[in-house]
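Step one of this worksheet: look at the structure below.
Just so it is clear, A, B, C and D label the chains in written order, and each chain counts residues from 1 on its own.
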Amino acid sequence: MSEPNVKQSSGRKPAAKPRKSYSSFGQAWLRLRVSPLFWISVVIIAFLLVLAIFPSLFTSHTPDRCDLGDSRAPAGGEYLLGADLQGCDIMANIAYGARASLTVGVVSSLGATAVGVIIGIVAAYFGGWVDALLSRISDVFFAIPLILGAIVAMQVTEHRNVWTLSAILIFFGWTNTARIARSATLEVRTKEYIAAARLLHVHNGRILLTHILPNIIAPIIVVATIGIGGLIAAEASLSYLSIGLPPNIPSWGKAIADGQKVLRVNPGIMLWPALALTLTVLAFISLGEAIRNAFGSRKDSR
Amino acid sequence: MTLDITNLRIAYPHGRTDKPAVESFSLSVGANERVAIVGESGSGKSTVANAIMGLLPGKASVTGSIKLDGTELIGLPTREWYKVRGAQIGYVPQDPMLSLNEVWTIGYHFRETIATHRLVPHEDGRDAWRKLAADRLREVGLNDAERVLKQYPHQLSGGMRQRVLIALALLARPKLIIADEPTSALDVVVQKQILDLLEDLTDRLGSSLILITHDLGLVADRCTRVSVLYRGDQVETGSIDEVIRAPKQAYTKHLLEAVPKLSAIRSRAFNDFKDAEKVLEIRHLYKEYPLKRSGWFFNRHGASILQASDDVNLTVRSGECRALVGESGSGKSTIAKIVMGLEKPTRGDVIIQGRNRWDIRGQELDEQAHHIQIVFQDPYASLDPQFTVQRTLLEPFAVHHRQWSADERYERILHLLELVGLDEDLLGRYPDELSGGQRQRVAIARALALEPEILVLDEAVSALDVIVRAQILETLRDLRERLGLSMLFITHDLAVVAEIADSVSVINHGRIVESGAVSDVFLNPQDDYTKELLAAVPGRAAF
Amino acid sequence: DEGSGSASTAAYNPVSVSGTAPGGDLIPTNSQESGKKTLVWQLFDGLVDVDPDTRTVRNEVAKSITSDDQQTWTITLNQDRKFSDGTAVKADNFIKAWTWGADIANAQIASGDLAVIKGYDKLHPSDGSKATATEFEGLKKVDDHTFTVELTSPYSSFVNLLTSVTFYPLPDSFFKDPDAWRKNPVGNGPYKLRQAVDEATGAYFDLNKYYKGNRTPHNTGLYVRFYTDSSAAYQDVLADNLDITSPGGADLLTAKDDFGDRLVEPAITGPNTTITFPLWDDFWKSSNGLKVRQAISLAIDREEIVDKVFNGYAVPAKDFTVKGLNGWSDSIKGSDVLEFNVTKAKALLKEAGGYTKELPIYYNADGAHKQWVEAVANQIKKNLGINAVPKPTTTFSDFLQKRADHQFTGPWRASEIPFNPGLDDMLRNVYSTSGSANSGSEWQSDAFEAKLKEGWQQKDTDAANEKFNEAQEILFQDLPAIPLWYTKIPNVYSTKVSNVHTNVFGSTLYLVEKQ
Amino acid sequence: MARYILSRLEQAVVVIFVATLLLYALAYAMPGDPVAALAGENQTLDAATRAAIAAKYNLDKPFLVQYALYLGRVFHGDLGTTFAGRPVTEVIATAFPVTARLAIIAIVIETIVGVLVGLLAGRRKGSGFDSVVMTITMILLGIPSFVLAFAVQYFFGVKLRWMKPTVSEFATWGELVVPALVLAVGSIAFLIRFTRSGVVDALNSDHVKAARARGIHEWRIGLAHVLRNVLIPIVTVIGTEFGGLLGGAIITESVFNIPGFGQQVYQHIIRGETAPTVSLVSVLVIIFVTVNLLVDLLYAVLNPKVRYGSHE
């Protein structure tokens, strides 16, 4: 392209000093950096991560060293938060359980969100038979309630661990996100800026990624971050139904399910792990809220 | 009624520049007055209007005073606003496309406003509002009012929506009308009707009008006083006679000089494109929209069909600029959308560079981006709200010129900005932080990015002040000369047509009624509608 | 048909009691599972039953049951007994019911109980082929109210065995149309069904006005309400929304505080909880395996688990049967292996050359076993340093399948239930090859079988029990299973009822009085 | 539109077919010997009896044969019989209405509370009310439903005696309100947050600004211009939550001893009854497919662009 010779209204010379152009995600990050909500949640999550990676920093006990003689020992003394029915240290259960619970929550929520978003967006964006096919596939999975599906699948699974559990939760859990993503995409894809991008022949993948995704991400983030807590709780529900993780993998869900049985006599046994769960939920939801604000602040700022 | 604005200062927080959008703005408007605010695109006109309505975004900081009949409006509590907005001040927003709620019919908008301000007495029954609404729609030239009331915003043309918004603003016969570019999407005939109406309201009912516009001819014809803004500063204010006929400030003079004139035709040389290759050809194009009555689940197909395009034939030859003019709602945008492949015609062919539009696939489609581009009628809706100006402009290069380095691309963007007269500072902004004219220019810049061979412009310069517009027209002319750019130029501004177009087609009710070289059509119109159109051009007296 | 109105003038105000959905028809030979038994017990009367006070077997429909050689028994019936449809209970009702139950074509779950009677193998060939006889060779009708039973071998405990629901009669209407009967079962017990059992909610019982036995109800009827979560039933009794239930799991921890007087403990303890070993496995069959088993048994502090996990509602086991049975002894030779002795345990483990592999302890997660299995595993870990790991299977059916397929490489939990007050019942059922509820460990001992046979030939119960306890000595020598404790399942009841009892061998609900 | 519904119904048949196949495969793959478990805690069956029972329920046949036999029966209107000898149709007829009542109450409460509170919180973003609501929802989202169910049962049923701890065999509407509330708590919290987030965004749109300029009252803006516009995602969420409600009912039903569908499904799964399980879950499948279809049709009602657009 030769340089056009245009009368210039100002005498300013085009200065070639490219500034960094941030993507929607990059821009969101710029806004995130100054959000207190974000940093609070990051601190809590960082703490939880340290807990999950180095549980031994927080307790001198291990969850498999249990002395029945200390069954339901009160808090303080040898046991910081007391001991459970088996005489295991509650703090140790929480510290060592963090790994499994966080992994299940985060991995399955991320996985379900990723699968759901991809399928939902693709279905709505391309429409026609693609939509029909994907929507019907999601109907099949949607029709099988998460807990029911997990009950059956967990029984079929030979090796139960955090990964297989996460896989199962993803397998039966992605449809919610898919439907929400689909409905949001249906809305966005009629917008003129999508048409504009198409006319520039921006290829579909890029349109999905740069135009559609950032414009539907707000509700998705709400769903995904709430999902983390929901899925940790789902593991607890499965433990309650005795089909959660095997006994030698400590998890908050198991601790809560076990503690629930003695809730009336020794509420602490359940409350402490439940508190850990609540804190986690709180942290991730706050993180989601902060991220959502960062994305949504285009409109928010008005 | 009096409105007193004193020392208004409004600033939006922006990282680097802390220059306010409006500074020390003062204006007072009395009863029966029609005051115009004119000025460069981005100079703060809409900002002032928003400030009067109390609708500035939360982050904007406002100081000074805005008094309506002695009541301070800045910081007025929400409850008090109910008595002001809609009732005492009617507001016509600049952007007609997004200002109507897509999920409701036009009728709903009227009903709700009528109910809010109790404009029809209860005794008149449940459907009384409909009559009032229909009357008001007819007032603004929407003669098919019953139909419009049942339609949803996306089913209306740009000009129709704009008129709906005007009718809504005037519904309660407010004492003060603030109209932000109310006729930017309207053809001259309708524009005249609207301005007559506004004039009538101020004369008869004692209302006042603040008219924000870039059409100086219109200002000269209709207004009593004018205030000129330049980069946030009020450079001149006074009566029409003082400012328009004897401007003191350099900017005002500059502005007046740049006003395009119909008479430009006489002094222009026209190229003859008869032998040039046809780059765009529309053959026997029909587009029908079924006019459905909406049921809850099933849409009962009424017998009626809206003929948006009726046997349209149109040719654009290489290097030619063909203008398409016509009444608002006559089917111009429909043609543009069909040409771009965004709507399927009911019948007929669109041939682009010898190939049928719907035969182009795959790799060719990719190249198509270089061949044909469009500037949509509504610039805001066509910009991704999540994209900064920089990203919007980078996108074409990210797709089509991947081999370019970041520096090259950036340089290219700066060049594009220059072409449309935008400042580098805007690169970091989002569409909702831009003025109407700035948005429109971003859209133009994007369309030019890939240097297309054919450009479809749908009211692409309607929101621009005359100086910027002149610059952009210059750019387009230049591109045509150097690169052989062909254009389909949809506009209602006949002066613009005179200035840039080689040939013109006049469309009325979906049919092309007259077609030919601009000089022939304008100097010697055949069709009645064309004649009417030419007669309605404002500002003839002034210029 | 005849209502219950004439039987009682009092308004119908049934005693409500928790139960579990029967999950099947109420044909006695099909009813071994405890949820069903609760219903069948109300609906039927057997030849004999267990007196809740003396805990001895007493006659019900039978007037007398006699034998000279412990092999051929003559049974005479009371003549005044009737089914709730008014038809008389006759010898044929027993003979036909047992024959029908034994017939392989009818695939009755509890038919194994009938295997003691001669001719069972013709009706129920063990290879799965069709029956080769239509009559039960060992059953002979003498007259309408007398019949004889010939057993395959002498069996002095036969009268005890007759307390089992398998030996209940069926009315003539059953044989005319079994499917109609299934929908609307008719029996000869103290109660009759008010309406068909609703699998989802429960069963209402009216009084059977024809009833003439020992168990004449002290109330106007029963409502067995089905629960899937025992703790929901517990809450209901606490709130007087249900009359009687048996608390399980963690509710035991509060039962005493919550109910005080309104809690009854059983005189005869419930199931003997064991961990049973796979003796098909080479290691566990070996002598080192035996030493490890002994070490494990010695390393378990039963007192502590009983105390902490069961809140005292269990008794540390002393033998392979349950406490409270006639002839039960806490000092059988070899039973010192059940004491808690870590030193001895460690020494034995060392003798065996240690045990370094993981020691899985299998259990089914759909029952309330998790807590104690974990406690046992923790103790083994702590006291022996063996890496004991609880391994749940999701369902009981999965548990049984894995066990049958020999997929277990370590011990599994079991609760061995006595079906009747005979000391030999559990030994026969669980550990003998002739039993129908084999422990699954595939342990076999000719000496053990011989001792049981000796016992069954005795006419005198005490003499027999002596033999049975000698048989237990052999069990202690081989230790195929480690007895842990006898569970005491109490009943708790609402403020609306009184005279609540508990009895593992039958229902005492007829005694309950309700205001 | 009629054609669209028809084609969706055709697709629904395929969905149901595929879902049952998937379910059957899963249920078939579930480990365990359901026949042996029939005998209860302490009774093992002899092989002959076992085989006879297995043959009766076709459990001895290979997977595809079982499935084909099952389908064949279904086509003749026979959904199978449970091990208990009850026709599955009867199980559905008695248990389903109970759970339907439960789910309907839950969805109604959820919709009203979730949308209303979400709207109010979104309207007053950052206010004290908003913060309190946000905190409460966060806590509610972190509590597993069985814990809440148990706590409610104990405090209101046993301690305060405001209600019966369990639901009677009739499971009346009134009795089901509290269980439904417990069941819906997570969904309510979720919907509140979801609605609020949509409301916050919608409040900043141009048409809201224009409506304000016309002097429309804030409450009407909230309903007609904000809520109405975020209704599409909300309807989607409510539709999807419906699935969660029926699924989550398993635990709630067990704690409150509700003779409902979830319990039946769970019990049959645990007992390894393949055919009845599949039949029962197929009922859920049909419901969800219907709900989905309704939701999709609602899109068209709610979004005129979809209604008049190329989507028909």
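As a convention for this text, contacts are C-beta pairs under 8 Å (C-beta built on N, C-alpha and C of every residue); 3 or more make two chains touch, one makes a residue touch a chain.
This one's a predicted model, so the numbers in the text were calculated from it and none came from an experiment.
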Item checked: Chain occupying the middle, per Cα centroid -> D
Margin query: Between A-C and A-D, which chain pair shares more contacting C-beta pairs?
Written below: A-D
Checklist line | Rounded Å distance, chain B centre to chain D centre (Cα mean) | finding: 50
Notebook entry, point to check: Quick one: chain A and chain D, Cα centre-to-centre, how many Å?
Noted result: 22
Note to self: Measuring centre to centre with CA averages, how many angstrom lie between chain A and chain B?
What the structure shows: 44
Checklist line | Junction residues of chain C - those touching two or more other chains | finding: 231, 366, 394-395, 398
Notebook entry, point to check: Could you say which residues in chain D touch two or more other chains, in rising order?
Noted result: 30-32, 150, 154, 205, 209, 266, 303, 305
Margin query: If a residue has to touch 2 or more other chains to count, which residues of chain A qualify?
Written below: 155, 264, 299, 301-302
Checklist line | Residue ranges of chain B in contact with chain D within the complex | finding: 53, 55, 78, 81-87, 91, 93, 95, 98-105, 108, 112-113, 116-117, 152, 154-155, 165, 168-169, 171-172, 292, 294, 296-299
Item checked: chain C-touching residues of chain A, taken from the complex the two chains share -> 64-69, 71-72, 85-88, 154-155, 242-243, 246-248, 258, 261-262, 264-265
Notebook entry, point to check: Inside the complex, what are the residues of chain C that reach chain D?
Noted result: 21-25, 32-36, 104-105, 107-112, 124-128, 182, 198-202, 225-229, 231-233, 235-236, 238-239, 241-242, 271, 366, 393-402, 404, 415-417, 429-430, 436-438, 440
Item checked: Of all residues in chain A, those that touch chain B in their complex -> 1-9, 12, 14-19, 21-24, 27, 191-193, 195-197, 199-203, 206, 210-211, 214-215, 295, 298-299, 301-302
Next item on the list: Mind listing the chain A positions that touch chain D in their complex?
Entry: 127, 132, 135-136, 139-140, 142-149, 151-153, 155-156, 175-176, 179-180, 182-184, 186-187, 190, 218-219, 222-223, 226, 229-230, 233, 236-237, 240-241, 253, 256-257, 260, 263-264, 270, 274, 277-282, 285-286, 292, 296, 299-302
